[in-house]
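Order as written gives the chain letters A, B, C and D; numbering starts at 1 within each chain.
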Amino acid sequence: MKPNLIRRVVAEFIGTLLLLAAVVGSGIMAECLSAGNVAIALLANTVATGAALIAIILAFGPVSGAHLNPAVTLADAWIKGIPWREVPAYILAQLTGAITGVAAAHLMFGLPVFSVSIHVRSGPGQIFSEFVATFGLLAVIWGCARTRPTAVPFAVGAYITAAYWFTASTSFANPAVTIARCMTNTFAGIRPSDVAPFVAAQLAGAACATLLFQWLLPRAITPPDILVKQAQN
Amino acid sequence: MKPNLIRRVVAEFIGTLLLLAAVVGSGIMAECLSAGNVAIALLANTVATGAALIAIILAFGPVSGAHLNPAVTLADAWIKGIPWREVPAYILAQLTGAITGVAAAHLMFGLPVFSVSIHVRSGPGQIFSEFVATFGLLAVIWGCARTRPTAVPFAVGAYITAAYWFTASTSFANPAVTIARCMTNTFAGIRPSDVAPFVAAQLAGAACATLLFQWLLPRAITPPDILVKQAQN
Amino acid sequence: MKPNLIRRVVAEFIGTLLLLAAVVGSGIMAECLSAGNVAIALLANTVATGAALIAIILAFGPVSGAHLNPAVTLADAWIKGIPWREVPAYILAQLTGAITGVAAAHLMFGLPVFSVSIHVRSGPGQIFSEFVATFGLLAVIWGCARTRPTAVPFAVGAYITAAYWFTASTSFANPAVTIARCMTNTFAGIRPSDVAPFVAAQLAGAACATLLFQWLLPRAITPPDILVKQAQN
Amino acid sequence: MKPNLIRRVVAEFIGTLLLLAAVVGSGIMAECLSAGNVAIALLANTVATGAALIAIILAFGPVSGAHLNPAVTLADAWIKGIPWREVPAYILAQLTGAITGVAAAHLMFGLPVFSVSIHVRSGPGQIFSEFVATFGLLAVIWGCARTRPTAVPFAVGAYITAAYWFTASTSFANPAVTIARCMTNTFAGIRPSDVAPFVAAQLAGAACATLLFQWLLPRAITPPDILVKQAQN
């Protein structure tokens, strides 16, 4: 009864669009209202992003799984949760959705559709932060996804709420989000030249967490189809 | 075993009353205590509104479905979730409940029962924000309502928590709320002349999300009665 | 399999003790750290109280129902949820637990065991606020308690989080809490002469919500025992 | 089907590592951004820690139970939830994970791998606070663990969110966390000479709550294996 690919891809597009609208839009609002107190701005940005993730994953999870993140899609394909042939469509939808979401945030706040960020996010601490952030994100997903799927929206929302504060990079943890955020010269932006190392660290973190959970909790990363077959035998 | 219409209408009245008391009352308290820091005031207003939605939908959902919102009632009637003949009573209860809730907030804080807002909320960014806000709200509702109804209170509370920050209009997303908020010249107010474009954008957003989910996840918007009949055949 | 009365009374005592330690302790910490910004202090006090309620009701609910509140115990006895003969023991445990919790908070922060509050909380807005606050609290409880008891801790925690901000009185909504809070001359205190009107308004609000839900959702306030018998016939 | 000891020990190591990275990392970020307003810094630290606990317990609970805390492991062994012979491996994993987590936080923020804290946390109020904090934590765990295990991550996250504010010590409530936090001279640090009294008070609080719940709710602390056998007889 899985929805067909075109429906799932549209769900990934709209879901990632709303996610980026939330991340970038709440950053603009927070910076605008906080009178220079960056802690209050980041706290508002954090609450909005964590809550948006809960709502968006609840809304689009039943359609596409609500990956909203190429690192999640690649890891899921690796453990045979989604066929490799569907991966390009998922990632394309996530990237275009993310970029459209940045434009939507800018239009809501009366800003130019796109602007190039000059926000420097570089150095080993930032790169290591993205590794840790994405390692943790995938650990949380693999720890819940198969055995308690109804907890995933809350687990992911809670994890990103925490990771905005405990990583030096404010936890992008998502290649599509990272690429899209170089197109906004606002609170949430990232300089284009800092994107590639972020994405590399994110993919490395996702791979390590997936390897760890393949060993730690094998049933956690068995695709649902195989679990059903095992139960039938 | 559905409660009769009069009980459901009273539940919509009391539920929307409490929602507006929460939105307007927490705005008054927040503005009063925050010493001019609008980010802190909006953060308090956000936390109070999101939490109030969770509690109110949990409390009145078993009686009336806890629509609390004419856009939700109209969309639900469109997909045959509620009969059209019950719509006027629902909307009247929401409107009168919302207005009574504003009065209740004013009385709690020792203000005149009503006051006309002079808070300007206009321009294309604000209107587009209300379209996005209500599109997202209905997407979240349709994504959960039929398949995981116990998640709806948390999904809606989380969504509005996020949308207060990521839309330029602080996400009214509700025609009854919008009309009632022009009667309070406090933090949450809106100038009467700005109400009509807000409501139009909200209805357009709700319609687009409902159309999208009719195609995206057909079972998500099948009325529960039909789902039961299908399961019996 | 209900635990015997002495166990339930001890659970009410310890639960209300922890609740008051949380309300008063977080108020002291918040006032101490917030450098005079009352909005930030109240936000911290709110987050701590709402989260404490979730944890305490989850912990002690399986033992005693986690009333922690004489207004809840009286309303529950009224609808035959608890026998009247157990009410005095419950209320005594709540009162002594609440007072002991204030002492515990004071000892943690190195203050005298008790101090008489001089915090004025009077006037019709404050009294009406306590009516609304307790009406809403009981509405939330009756809306969830019988049909979705697992949601009660989250519903009550969310409701009080909201009500701290949307009522002018910061929502005491609990006679035991009100009496105990006149013994702390800190952020959460209330002048002893303001206690009686608060308690009267709380009991009136609880009665109105209970009457409303007796009509609105009769099965919501049928005691669990009778529900079981009905299911057996 | 319980995972073998080595997997469970690795889960305790990684889970406690992430917990300390969250506690220490968010403290560094919060202090850095809050411009001297300690209430805002602690609020950010609180939100991050509570959310991290929810995510980490959801992720690693299915593998090892996600104790992340020697006081929990000792109490669980006491009531025969885990065999005594596995306790040293659990505690060693928690201690080394906690210390590695501090190093991870420091590396993310470009600080030396370890630094000795000079943050004084002493006096009877602080010690009594740790007793109360850990008593409450174990009460919350025993109140949920056997009868509603899916609520544990949310109960623990909510409890610590509250306890950061209502205890004078900001609720360490965990010997491994306490020892590791003396190795960071940042917001979350504790002077090494203050560690021993904290740990003693934590163990006393854990013991009292475990004794209380053995009497209050005997089935709450019956090991799952015995519950299964009772159901079979």
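By our rule, a residue touches a chain if its C-beta (ideal position, glycine included) is under 8 Å from a C-beta of that chain, and two chains touch if they have at least 3 such contacts.
Values in this document were obtained by computation on a predicted structure and should not be read as measured data.
K.L.:
Quick check on subunit B against subunit C: do more than half of the interface residue numbers occur in both copies, making it same, or fewer, making it different?
P.N.:
different
K.L.:
With chain centres defined as C-alpha means, what is the inter-centre distance between subunit A and subunit C in Å?
P.N.:
It comes to 39 Å between the two C-alpha centres.
K.L.:
Suppose each chain is reduced to the average of its Cα coordinates; what separation in Å results between subunit A and subunit D?
P.N.:
28
K.L.:
Name the residues of subunit B that each touch 2 or more other chains.
P.N.:
Only 37, 40, 43, 47, 154 qualify.
K.L.:
Does the chain-touch network form a line, ring, star, complete graph or other?
P.N.:
ring
K.L.:
According to the definition already given, which pairs of chains are in contact?
P.N.:
Touch list across chains, by label: A-B, A-D, B-C, C-D.
K.L.:
Report the residues of subunit C in contact with subunit D in the complex, numbered from low to high.
P.N.:
By the definition above, subunit C touches subunit D via 3, 7, 10-11, 14, 18, 21-26, 29-30, 33-35, 37, 40-41, 43-45, 47-49, 51-52, 54-56, 58-63, 104-105, 107-110, 150, 153-154, 157.
K.L.:
Would you tell me which residues of subunit C are touching subunit B in their complex?
P.N.:
Interface residues on subunit C, with respect to subunit B: 37-40, 42-43, 46-47, 50, 123-125, 128-129, 132, 136, 139-140, 142-144, 147-148, 151, 154-156, 158-159, 161-169, 212, 215-217, 220.
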